[in-house]
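Next come two complexes built around chain A: one with chain B, the other with chain C.
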Partner chain A sequence: MLTLLFDGIAYGMLLFVLALGLAVTMGLMNFINLAHGAFAMAGGYILIVLMQRAGWPFLACLPAAFVLTAAAGALLERTIYRPMYGKPHLDQVLFSIGLSFMAVAAVDFTMGSSPQVVQLPAWLRGRFEFGSGPWALGMGAYRLFIIACCVALALALQAVLTRTRFGSRLRAAVDDPRVAAGLGLPVDRIFLLTFAVGSGLAGLGGALGADILGMEPTFPLKYMVYFLIVCAVGGTSSITGPLLAALVLGIADVMGKYHVPKLGAFIVYVLMIGLLLWRPQGLFSREAGR
Partner chain B sequence: MSGAAQRALLAPARWRAWELAAWALLWAVPVVFGQHAALVNEIAILALFALSLDLILGYAGIVSLGHAAFFGVGAYGAALFAKHVWADPLVGLAVGTALGGLLGLATSPMIVRGTDLTRLMVTLGVAGVLLELANKFDGLTGGADGLQGVVMGPIVLPFVGRFDFDLGARVASFYSLAVLFAAFVLLRRVVHSPFGVSLQALRDNRLRLAAIGLSVNARLTAVYTLSAALAGAAGALLAQTTGFASLDVLEFHRSADVMLALVIGGAGWLWGGLVGAVAFKLLHDLVSSVTAQYWTFWIGGFLVLLMLVGRDRLFRPWTWWRRGAR
Partner chain C sequence: MQRRPTLLTLAAATWLAASLAPAQAQDTVKIGVLLPMTGPQASTGRQIDAAIKLWMAQSGGKAGGKKVEVIVKDDAGVADQARRLAQELVVNDKVVALAGFGLTPLALATAPIATQSKTPMVVMAAATSSITEASPFIVRTSFTLPQAATGIAEWAAKNKIRKVVSLVADYGPGNDAEKFFAHQFQLNGGQMVDKLRTPLRSPDFAPVLQKVRDAAPDALFVFLPSGQGAQFMKQFGERGLNQAGIKLIATGDVTDDDQLADMGDVALGVVNAHHYSAAHGSAANKKYVADFQAMHKFRPNFMSVGGYDGMRVIFKALDATKGAGGEALLNAMKGQVFESPRGPVLIDAQTRDIVQDIYIRRVERVNGQLFNVEFDTLKAVKDPGKSK
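Moving on, here comes the complex of A and B:
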């Protein structure tokens, strides 16, 4: 029971890091980016390639995954994402679906279609057991590591957003890009940087979760729904909203798959539809947007 | 109303010469290219599906990423009906259509609220729920293996005769084309009726429509139900003409494909679904013959390019090299 809860929390934290970049792009640019999962997949594959083929240690691969996907994100933002900001939502959706299709086929071509196996280092394969009976708690070292990383990231991001100059600029740009630009803030550059960091976070999340989530070419389509749910339910105006939404989603999904494995993602979908019917603007959003 | 004004108002509703010619051409295709009847059948089904999406997307402005839900319900409904109740195709088609419409009616309260994002998610979620359910109740639907053993009876038309489905899919292609034609004529009436015009007003400005005293939600519900029924009919056609239904009919890529087909042809213009379906299937066949496995890469690239250029410029080549024409 507690073990399931623990696994759910680890899964939820992972979803949070993965979806955070998407929440920021949606809140900032009002841009629906369905290709976000592609960045996460890129991160996962970078980890696998570096570890398996180049023999890098696990810990060195994580920052590499972050940096490389962030660079890719910055490049794509500059070249093809920017013209899409002003377009209608339908165009954005189709554009990003097209991007994910390309990513799926490209990875399929270069890496093969079979799921990749991650060789975790020995110190992450351990397991701690506490208590016994129905309240036994088994914690995998790998999941503990994920939770620690994600908590640290969440705290760091929260600090950056609320304490630093960049954070206040970013919040100003989210609130009203035109006024922010009028006050002389380099909104374009803020967007670029934020997009890059968001993509990098997705890459890092993909690398961290490569073992739990399973890396295969259809990854972006498979997890797209999860990311979108986190953003739609959690709202895009704060960090806590997506965090709570991701935790709820992670726990519900792990519990659901454990108790009724045949139903698969059924519980997640029903939960999402229910939440969205109850609060169409998201659970934790500020009152009705602009 | 004076004669001139009436004529001006009715002008867009009149059948043009090229439309009649295009339909004559469409009917001629399965006659001339009998060996490609299966492809014609597929195109007609996709066109009907795209037509149903056009009604809500192009005319009412509802974005949907889960239109496969209705397609799948129609397909499973028609297949199960034929297997367990009655193998008559026309009755089965009516059952599939009705099931699609019922599901549309039941889910329409979900799409009248919220923003584009909420609507995308809810439609996606409905299709997801149905996919999981179809997977779960594999005793009924056959699960991942698909529903086997659907044998269709002949189409019996009074005073005309009976037509058995053949392996070459000739009868199937005529059957699908006939349903597509009927749906097209029906929708042409609908979108040029006062109801259709009010839908376009709703798409452009919801608040104003409500302000002049028309009910927004009732209209959205009606159009969503109609569109869902047509999608159900498309699904029923697929199940009947292939004698098979599998989880594939509910998958996400089906919703994405139909959206893509519609966008290629252009939304908000009934011919868009037809043009798009033809273009999409031909493109699919063409690319698949070159690289069968990686065709999604090229279709994705095409989509990205199309969106960057601007989808309304596809049919205006003279604007391609002008900047900022939107």
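Moving on, here comes the complex of A and C:
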């Protein structure tokens, strides 16, 4: 029972990191980036290539995945995303889903289509067991590591957004880009940085999740749905919203697959429908929609 | 002075080409091969494709006095695509035989085309028992899940395993494996505690493995399609099921030779039943593995042997019919007996299915690499799915 809860939390945390970048671009920058999953996949494959083929240690690969995908995100923002900011949402959706398909085909071509197997270092393969009977708690070392990473990330981001100068500039730039620019804020650069960090987070999430979610070329299409659900249920205006939504979904998914395997993956959708009927704005969104 | 010879050569060449073209068409027979070269089952396609190339190189690409041309098409593991490509191969390319079929749904979708066009269809991989009943033109050179599942169930019941949970991929072969394992195991006095299924595409093993752990059986019986074994073994180890005293028994698809080397120590000691291991001790297999690795740089698995033997069956049948297709070719395939790298096999004339030895193997380290080492043999196993 507790073991399941633990697995659910680990899964939810992973979803949170993966979806956070999407929440940032969608909520703060008002841009719908369906290619977000492709950045996550990039992170996963960077981890696999660096670790399995180049022999880097696992802990060095995680920051590398973040930095490289962030750099890729920045480059793409500069070159092809920027002209799309002013366009209607349908254009943005079509554009970014096209980008996802290109990423899927590119990875299929270069890396092959079979699922990749990640060889974790030995110290992450252990397992801790406490108690017995229905309240036994078994924790995989790797899942524990994921939870620790994600909690640290969430706290850091929340602090950056609410406490720092950059955070307030970002919120100002989002609320009204023209006025912010008039006051001398470098709106372009703020957006660039935000987009890069969002992509980097996706890359980091992909790298962390490569082992649990499985890395294959169809990854962006498979998990994009989950990311969108997290954003829809949690709302996109804060960090706590997606965090709680991701946790609820992660736990529900694991519990559902355990207790009602016949319904399997469908539980998540039922939950989403229920939650959205109850609170169409999302669980924690401010009432005033934009 | 220079012009005349040029013109003459040109004329001669044209005449030659014109007279040769129809002759060449008659001297070539085509085999259409459908394989999942991309998508989640790509490893199956890669193995069979490699085996076909090996067979073509060894046989010189000639059968029944004709040149054989193999056309490989990628169905990506999607049933409607396999069907469409099969239709193209039969109608446009006029192939004498269809071959390949990496997954059961692909074979079943193509079966009506084989029946209507009277084209023999050699199933080199898909292993649901009922496939050969879908068309009278289907011949199988891989194996059937009931053959393997019944074998391991026999072994389990004899080796102090009383309570078992089964875990299978939720599609045709998985259902076969679950049904025949449970039937044979219960017949021998065993008890099925639970029967679990995971989706075929992108399964998440964590919750089901937790469920197995909580049920605490003596052993877990697993069938998963070729390619998912490594992911499963890793999670099996991570969840500490072996520490909890739950043995792992399986059909040989899980400890697939293609992935076994990457699975690590958690796979050691897993007992499974299958028709082929790269470590099979016969001279024929040693030569096969050596030739295969010299050509392709990776280890052949059971899929490759299905492809290799499939080519042999088609070639020998073409030899017998002098290159003719249709029902004559089908009849020439029935009843073939030969020594395969896996051991002696027979294509049963009645069911058109393969009769072969099933080996009980244990994963062991041989010369630093993991292999399925055979320690028991069930002789000439007919598909148990057909005897009812």
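Miscellaneous remarks
Operating definition for what follows: the second predicted complex is superposed on the first by the 289 of 290 C-alpha atoms of A that agree within 3 Å, B and C clash if a C-alpha of one lies under 4 Å from a C-alpha of the other, contacts with A are read in each partner's own complex, and residues count from 1 in each chain.
Note that a residue touches a chain if its C-beta (ideal position, glycine included) is under 8 Å from a C-beta of that chain, and two chains touch if they have at least 3 such contacts.
Quick caveat, the model's predicted, so the values are computed rather than measured.
In the three-chain model built by superposing on chain A, chain B and chain C fit together without any clash. Residue contacts after overlaying the shared chain place A:108 against chain B and chain C alike.
In the overlay built on the shared chain, the residue A:186 is in contact with neither chain B nor chain C. Taking the C-alpha centre of chain A as the apex, the lines running to the C-alpha centres of chain B and chain C meet at 70 degrees, rounded to a multiple of 10. In the superposition on chain A, A:277 makes contact with chain B only, not with chain C.
Once the two complexes are laid over each other on the shared chain, residue contacts for A:57 go to neither chain B nor chain C.
When the two structures are aligned on the shared chain, A:121 is found in touch with neither chain B nor chain C.
In the superposition on chain A, A:84 makes contact with chain B only, not with chain C. Contact with both chain B and chain C is seen for A:265 once the two complexes are overlaid on the shared chain. With both complexes placed on chain A, chain A has more residues touched by B than by the other of chain B and chain C.
Between chain B and chain C, the minimal CA-CA distance in the chain A superposition rounds to 5 Å. Touching of chain A by both chain B and chain C, each in its own complex, is seen for residues 108, 264-265.
The touching residues of chain B, counted against chain A in their complex, run 57, 63, 65, 109-110, 113-118, 120-122, 124-126, 128-129, 132-133, 135-136, 252-253, 256, 259-260, 263, 293-297, 299-304, 306-308, 310-311. Per the touch definition, chain A reaches chain C in the complex via residues 3-4, 7, 11, 108, 112-115, 117, 119, 125, 127, 129, 138, 140, 142, 211-212, 214, 216, 222, 254, 257-258, 261, 264-265. Per the touch definition, chain C reaches chain A in the complex via residues 38-40, 42-43, 196-197, 199, 202, 204, 206-208, 210-211, 227-228, 230-231, 234, 237-240, 243, 259, 262, 264. Touching chain B in their complex are the following residues of chain A: 26, 32, 80, 83-84, 87, 89-95, 97-106, 108-109, 221, 225, 228-229, 231-232, 262-266, 268-270, 272-273, 276-277, 280-281, 289.
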